[in-house]
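What follows is a group of structures, each given as structure tokens.
The following pair of complexes shares a single chain, chain A, combined with chain B in the former and chain C in the latter.
After this line comes the complex of A and B, so read on.
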């Protein structure tokens, strides 16, 4: 199994890991919402939210390089998805790229998207790096996310590893028989493996459901973990909420 | 003493039309240990799934502790019958081993504190206490097998039904599973290809072939008679 643990810093004692998972989840949502509410060009406020997130990452003892590496993946997709705004927004042309013109308005909007996405994604990186997945699920349950959704998330998380192992086994079996020469062959092989993995997953889901029924499952996944929202967590959450509120308000004053 | 499990005229046809078992009948007394033997596709797993109400008969009847197994009685039957599946990855579906082991007691409406205590005690008994907070995919094959056993033993079932409990285990892990099962007092039904395991655990054997029960006899008699083994498509252990 080649997956890195998402929650690598969950066991590191830190002011962040001492907070209740529900508070951490709500804090992340607050930063994400605050970032989304910032107007175009609110650079100072974007930097302030990013600093807040970096402070939490440092408090959680996540190394800068690891934080940056984890942030880079999702940020790349944001960059990719928003680069069209560079040429679509009307404004003064700054550069010409073939038939396309990068405009000043487009550049500001693009930078604003990145500026808003960075603290939001950074907060999510801190959350998943310091919180075990079962705790995250429990926090979602406490926030009244419907039980079928949290159950599906929990099972997906567990079976993701089994599925990844299965795909790796199929790939090895295909490679051992020299399957798929050339680009077309590789494409064909990959599609075959994906189809086989999907079929096997379907059969596995039937078996897992039987195993759940055999142990008394009746539609709801009961849980062991009770996570009280202690005073320290409430104070920290209120603090984050207040900072986000001040930062966002200042952008509109 | 009356039978704890009674199967009479059991037939099951899968939705695709394939006949899983046909006209199977036998009874098992409380405390008895029975091996269910037969080649691949003989209907062993299909038969066992009926004992837990996971499949319901197309024909005939299955009774467990005097309860006829049906959709209505399935929850009560499942509290009496602990089922260990062939593939531990199917049985361990929650993010941590502890949660998986506590799943049964929690579903039986035990308070979370008690469920956790029982789960930890069961894991301790099987030597898995250090694995409680780990994810199942981080365990070795043998540990996974023991953890899946723990998920069932924790609920104190009257009957243990195991589908290939030693499949894909190395010699040491296989021995450990057999030793644990030998020390249990529950009524035991074990489907296996491993005749050594069958002989070590079960004095009685049911032999299935093509969905039919073709023999019900002492395991030692079966293993000691090459002609019987050959007739039922089984192979004596090496050496």
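After this line comes the complex of A and C, so read on.
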């Protein structure tokens, strides 16, 4: 496993990848905030933000099928989570599903939740597809995210898939020994795997620390390739910000 | 629904939770500004661990399974401040890279999972540890994991209700109720993992200071006060009290009867009454603690 399946379009030359990582991250946050600020039932504005995101996806040369496939997973969870809104919101009953009533208010709120979530998820998909993790980390550093957090993020990037692979190896080893019968046995086996992963995380962190000291680590993680926030990126970011501002303001006027 | 996606929360709730979380993270990083250099790899490894272990499903029986939230587990292992930073890093990576939890809702998710889950969970752990004693550490961890998960459910319900997405009562029933089950599984998994870690590498859990006698007294006092408050609330009758009944029997008007001071006359509705109750409970606990501490000094 590796992160490289996420940022497959980071090396594709496009107007999006030419922008500074900080501008791309801030643009994503602007779209996510803009869609979250839209009131219930602002369908035109939700569609406008989605169009903006689709335009950026096209500019980044992400194929429609790949974009849709990446969007489908998180959108499915949003749909699953927002189903409860259909029956929990008070209002006039439209349909009866067993003991539950789908209400008119619930239907509007459900559609609004999905409508607001889709542009935000789409923007995040464009960001992740076109930005390498070290660039994202550098952007977060430039945005003054506390250094302990960026240090933890940087090192977790190095270790995340290593640990995931290690957990998979532990599971395979346990299965090959027929460890765990029934729910209680499987639970005990999974707890054992998690405990082993936890102790190995501590041991690995000690080894990584020694290796970092050997390479001259003195408390700060260096950046190999810092991309400055150039004029083109500032203009693009201001453009996205202005569009989002106009769209959100139009919903309240 | 521990990770709230974008679209569920209103602007004031997004701003409020973001401001609260930012304050908590700034306070935490100030405490950890001079992070010992060997802690950075440890935080990275634990962030990766929480992220990876959340992909594991623990069978619970009857065809159900659950995954670990990890706040109390991490806080017990490395302390509350590092625990908050680890959980914040996890929430950030999940939102940015895997769209698990919204980017705009990052403040709310940080508040729920890092501040309440890890920070609040650690406070609950220290409280239960001081109350139960050093021999029942795992039981204290289990209680803390359960109540931290339930607190996360209550926080999510409150945020959804304040946003006007769903009313509070059904949200509490649906989200809070499901988090009671999540809490049970969280307690079971956390205790199970820590028991195995204690067996394999006991030195990893040796850093937690044992509760002092003063902390034990404080925990006993607050628990007694909280139980008294809960019992009082449960037993409180909606019927008129003796003075009100006597006033009604003597034919005094409602206005005269309501002139008598009562708990119900605290201005501001049920929220302020709840606040007054909590402050009174902790005030009582503090008094009990002070009196018992003075007796100890005198002996």
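By definition in this document, the second predicted complex is superposed on the first by the 238 of 253 C-alpha atoms of A that agree within 3 Å, B and C clash if a C-alpha of one lies under 4 Å from a C-alpha of the other, contacts with A are read in each partner's own complex, and residues count from 1 in each chain.
Here, a contact is a pair of C-beta atoms (placed from the backbone, for glycine too) under 8 Å apart; a residue touches a chain by one contact, two chains touch by 3 or more.
Only a predicted model underlies this, so the values are computations on that prediction, with no experimental measurement involved.
When both complexes are superposed on chain A, chain B and chain C fit side by side without a clash.
Centres of mass aside, this uses C-alpha centres: at chain A, the angle toward chain B and chain C in the superposed model is 90 degrees, to the nearest 10.
In the superposition on chain A, A:251 makes contact with neither chain B nor chain C.
Considering which of chain B and chain C touches more of chain A, the answer is C.
In the superposition on chain A, A:66 makes contact with neither chain B nor chain C.
Of the two partner chains placed by the overlay, neither chain B nor chain C lies in contact with A:47. Once the two complexes are laid over each other on the shared chain, residue contacts for A:111 go to neither chain B nor chain C. Contact with neither chain B nor chain C is seen for A:170 once the two complexes are overlaid on the shared chain.
Of the two partner chains, chain B and chain C are each touched by A:155. Judged by the touch definition given at the top, the superposed model places A:102 against neither chain B nor chain C. When the two complexes are overlaid on their common chain A, residue A:58 makes contact with neither chain B nor chain C.
Legend: residue contacts after superposition of the two complexes on their common chain; A:234 is shown touching neither chain B nor chain C. With chain A used as the common frame, the shortest Cα distance separating chain B from chain C works out to 7 Å. 133, 154-155, 158-159, 162, 204, 208, 212-213, 217-218, 221 are the residues of chain A that lie in the contact sets of both chain B and chain C, per the superposition on chain A. Residues of chain A touching chain B in their complex: 1, 132-134, 137, 154-155, 157-159, 161-162, 165, 204, 207-208, 210-218, 221-226.
Considering their complex, residues 3, 6, 28-29, 32-33, 35-37, 73-74, 77-78, 81-82, 84-85, 88-90, 109, 112-117, 120-121, 123-125, 127-128, 133, 136, 146-149, 151-156, 158-160, 162-164, 167, 183-184, 186-188, 190-199, 201-202, 204-206, 208-209, 212-213, 217-219, 221 of chain A touch chain C. Every residue of chain C that touches chain A in the complex is listed here, in rising order: 1, 5-9, 11, 14, 25-26, 29, 32, 35, 37-49, 51-53, 55-62, 68, 73, 77, 85-86, 88-89, 92-93, 95-100, 102-105, 165-167, 170-171, 174, 188-189, 192-194, 196-197, 200-201, 204.
Chain contact summary for the complex, chain B toward chain A: residues 49, 52, 54, 74-75, 78-79, 82-83, 85, 87, 89-96, 98-99, 102-104, 106-108, 112, 115-116, 119, 135-137, 151-152, 155.
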